[in-house]
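As written, the chain order gives the labels A, B, C, D, E and F, with residue 1 at the start of each chain.
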Amino acid sequence: MNVLLEFLLRFVAQLQSPTLAFLIGGALLAATGSKLTIPGSIYQFIVFVLLMRIGIEGGIEIREANLAEMLVPAVFSVLIGLVIVVLGRIFFSLLPKVKMEDGIATAGLFGAVSASTLAAAIVLLEEESMMFEAWVPALYPFMDIPALILAIVLANLYLKRKHAGGTHPVRIFQIVKDSLRGAALSALVLGLLLGLFAQTESVLSSFYDPLFRGFLSILMLILGMEAYARAKELRSVAPWFALYAVVAPVVHGALGFALGYLAHILVGFSPGGVVLLSVIAASNSDISGPPTLRGGIPSANPSAYIGASTSLGTPVAIAVCIPLFHSLAQVVFNL
Amino acid sequence: MFHKAIKVIVVTEKFLQDRVCSLMESCGGKGYTLVSAGGKGLHHLHATDDKASVAEGLGNIKIEVIVRERSKAETIAATIMKDVFSEYPGIIYLEHVEIWREERF
Amino acid sequence: MFHKAIKVIVVTEKFLQDRVCSLMESCGGKGYTLVSAGGKGLHHLHATDDKASVAEGLGNIKIEVIVRERSKAETIAATIMKDVFSEYPGIIYLEHVEIWREERF
Amino acid sequence: MNVLLEFLLRFVAQLQSPTLAFLIGGALLAATGSKLTIPGSIYQFIVFVLLMRIGIEGGIEIREANLAEMLVPAVFSVLIGLVIVVLGRIFFSLLPKVKMEDGIATAGLFGAVSASTLAAAIVLLEEESMMFEAWVPALYPFMDIPALILAIVLANLYLKRKHAGGTHPVRIFQIVKDSLRGAALSALVLGLLLGLFAQTESVLSSFYDPLFRGFLSILMLILGMEAYARAKELRSVAPWFALYAVVAPVVHGALGFALGYLAHILVGFSPGGVVLLSVIAASNSDISGPPTLRGGIPSANPSAYIGASTSLGTPVAIAVCIPLFHSLAQVVFNL
Amino acid sequence: MFHKAIKVIVVTEKFLQDRVCSLMESCGGKGYTLVSAGGKGLHHLHATDDKASVAEGLGNIKIEVIVRERSKAETIAATIMKDVFSEYPGIIYLEHVEIWREERF
Amino acid sequence: MNVLLEFLLRFVAQLQSPTLAFLIGGALLAATGSKLTIPGSIYQFIVFVLLMRIGIEGGIEIREANLAEMLVPAVFSVLIGLVIVVLGRIFFSLLPKVKMEDGIATAGLFGAVSASTLAAAIVLLEEESMMFEAWVPALYPFMDIPALILAIVLANLYLKRKHAGGTHPVRIFQIVKDSLRGAALSALVLGLLLGLFAQTESVLSSFYDPLFRGFLSILMLILGMEAYARAKELRSVAPWFALYAVVAPVVHGALGFALGYLAHILVGFSPGGVVLLSVIAASNSDISGPPTLRGGIPSANPSAYIGASTSLGTPVAIAVCIPLFHSLAQVVFNL
């Protein structure tokens, strides 16, 4: 009860947080038909700077970290990514009138990770001074890639069974490469390497760091606009996708929280780390997941999975899951 | 002197650009021209680059290849039709053009 | 198999894009392709997006719609001519193309 | 005499101000045929950031403001917008060889407001620490929208009289919507709302604020380039437009100053507020006014009104009116 | 009413844009449309504006001019061929179009 | 020996410098086929901001400088630009199977100057607090323009001899104008003028300065990507171009160092100035030189000269020459 009340209070407070306010602002702009747009090139640049900031920061601190500690959370991340896809596969197979490939692709996208949701959570933890291990953002690919691979494998197994022999072989290595080559993971990994091996402290503190919050605010505006714009597409597919998009992030986040808590007990994973793991689990890939899935499951309808993710999944992850798991951690860890 | 030739035009999503271009080249196209585009068809509405689109590679691209022989144009079109557009959105069409310096096409 | 079809092309200012596109759709166009452009005609010189233009919506846009029947193409052209180009700058013209998958146009 | 001398000294000093120097620099670049360009996407982003900064800042401070104080200046703003258009209508009707629609559209643009001129004036007041009420930038739409509406109404009345019955009905609500949906007003209003309702202090001070002056300098460069480029177009129309573009900003600014001074006496409107009101009156819309006018008065020749505004009106408003009304305020208010 | 006309299309590098446009105008073209492009031919691979290209002016531009008479189109093409493409990379070709408001072309 | 050892140590240390690390990172991205790209408009904006920062900074400090001191280094800069082209002309004429125009154009590009290499050197000197005269960046055009002119003149003389009478007249004034109108030199000169004549201190310190290092890091990333991408083109021409691209920057830098040292003895040119002069000499034009050369020597194959410069010349200048001449200066000047 206490948790619920605290969560409710916190949630109302969060509505005032810049992150959420900009998200809502973007949706409002789109809803009122405003001609204000953020150009595509600015968006690409913003995503690049945000992920470089997260990567470099992580890379610098990883230098002194005991990477062995990362093992358990990394294994859990892989596990979460896989479990999410399996759960989604089961959920959609229980429903009538859902094209199975669409369901599996959606589950894949929700198993994968959103860079923007991750950035928003990091800003919140930094503001609230809740510490987390420097390498936590590096868990991203450990959940993202297995989820995408499993979704593509399951979809192709399914299609093979349906039209015997009619599908392509699944090239796992190709999917891994595709994922790592995507703009989001490339920037994160590049940042990690630069932070780890080069003297990037000064450029981090003079450039990437000061721009972080401002660029995040603009990214939220873009996500809000896109959420509104894609809502129409989501309406063109079965309502089950909307239901999934609202509920799944909370369930996945809870799964992340549970395993994070286990890691806390087993290897002393930090409370902030538990929150971030939950948010990574709750988030769904918005930038680089879609093209990978389109490559791997061509017959799936992108309006279903991109619509579900962009117009509902991401807003729920940011507006509901971030404050939810943050306040849960405060209660659970007595902070 | 102008010579009759055929232009094959493809409009599809950006993440398919490399695939379409290499099919064009492997079927004998000696060059191609790329133009960033937006548009609407059976599937999504694609914004032009004026407006950010969250997912990577969702914008449209227009790819044009000019070839001298109609047969080559048809091969290119048929190959792309089979290898790409059986699964992915996009349109393909031909136009009659007249080229200068025919040896380059 | 290729089928004969007609492409209607409009070049006009960006702030008219929505109006032209919805006229195209209301006259039976099933899709359209948009390309950011610049250019010069009777009126201003329009820069491409390479160069900032202070006033909103002053850049050019090229809008193309492919339809199967010539009559439909002419209706689209005539409607846009009347509703838009009686007052605003822009050009409109037709091209003959050959399409694949005719049912989509 | 004293005022004149002080103004002259101040004006010479202002030529060194970054705002003006960048404006002149831009014109020089264009005049020398430089290939240096600022891409369109960067321009859009700069305008967005500037107006968000103005809006958020205003929104934050409005929270504690007594909005009743805003009433008189807001009414005066509407009045100024309307009077400017009526004056312009009369001016152009007295002249030979001027297409009336062109004249009315030009008057509409000069009654409307320029976001960039407003930003330049705010920077000057902040540098000189001349205080103004936080809500003054919110006067923008109160002058902008009535001026555009009146111009469109007058033009259509005129055209209806000319070719009896040949024109469209004027849809006032549509014009209001179009204005508010324009990129400039959208960003300003969004910023105001965010500043008012969300906790945007940290993103303002870490991002929007530090970029403000730098982005303004680049905007001035772009305005300078465009002023030079559009001068050719202005030469293609009657010279009366050039005359109007040079004189009107000063006259409009004086009107703004007079009414601002009245508001000072009536309700204690601040000296800085009086300067900003004069500058808003003196300015002419460069970003969102033109498309609204093109929609509302299609037969007016954009080379006339955009040429007059961009190549002369805006430079005069920035280079002459800002220092003029600032120094006037210093003398009048004994600062 | 539609009238037959000819569109001359040039694809070349951006730093040649001004030169090509003024040749088009001096040969009687009354307007032109510009579109930013990328592409591949005998020479470099040119990225679209999506991707930074270090050297200035190396991107491609597509320039289209519509004229009423075929003879004028051929003059434009021949002039550009001689003055520009004897030295610089680029392609030039014609298309048959049908225009509305013929007096503007 | 000592110098060599010190240089080696310094070079290994430099591999960790952000400048170099981002350059290598860019090449890695391209090599792994990453889809991460920096849009063209962002690149243009970055170059603009970097050169404005260098120009304004220089312009401000030049106000108090004794410009007479600039005379000797300026004359030496012209000399270096010309000598580099003559040396290159001789080098390529000694080789078999090299199209002479390609060789001369390449020499012209290596005689000209790279804004990005200059920026990288300035960052290093500022970090290491090695002082240099404020006007040193203004030496850029003194070397750049003569080198480009001489290359175009030599190429046309050569072509005239080959096909008697078949070439264009060389319009020197046109080349000077073309160079100064290029985006890089325009921005540098504009910045110098603004720094010199306007009060740009506050916009410099609030905007251009803080962005300097961060934008340089992104520029390095772009240069790294392009170096990898153009390597293919370089392979399509004779291997002599690759050899030249590796060796020439070091030789040219040494020439710059020698003349800089002479200027140190003659007129007290600072050690930092000597380093910058060496780096300017070692660098090769990447932004605005190529279009000027294409205009002036149309028959030269751009794959040869742009490939040589972008894929090898610039990386060598940044990765080898900057640390080399910096450490050389430390030894020679006993710092």
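Remarks
Keep this in mind: a contact is a pair of C-beta atoms (placed from the backbone, for glycine too) under 8 Å apart; a residue touches a chain by one contact, two chains touch by 3 or more.
Everything quoted here is computed from the prediction, not taken from an experiment.
Steps from subunit A to subunit F, taking the shortest chain of touch contacts, total 1. Homomeric contact subunit B/subunit E is classed as different-residue, with under half of its interface positions used by both copies. If you average the CA atoms of subunit D and of subunit F, the two centres end up 43 Å from each other.
Averaged Cα coordinates give subunit C a centre that lies 19 Å from the centre of subunit E. Taking each chain's centre as the mean of its C-alpha atoms, subunit A lies 34 Å from subunit B. Of all residues in subunit C, those that touch two or more other chains are 35-36, 49-50, 56-57, 95-96.
Looking at subunit D, one finds that residues 35, 37-42, 182-183, 210-211, 288 touch two or more other chains. Per the touch definition, subunit E reaches subunit C in the complex via residues 2, 5, 7, 14, 21, 30-36, 49, 61, 66, 95-101, 104.
Residues 9, 11, 35-42, 48-50, 60, 62, 74, 77, 81, 85, 91-96 of subunit E are the ones that touch subunit B when the two sit in their complex.
Residues 13, 15, 43-44, 47, 49-59, 87-88 of subunit B are the ones that touch subunit A when the two sit in their complex.
Taken together, the subunit F residues at the contact with subunit E in this complex read 37-43, 182-184, 222-223, 225-226, 233, 286-291, 294-295, 298-299, 302-303, 306, 310. Subunit A makes touch with subunit F in their complex at residues 39-42, 44-45, 48, 177, 180-183, 186-187, 190, 193-194, 197-200, 202-203, 206-208, 210-211, 288.
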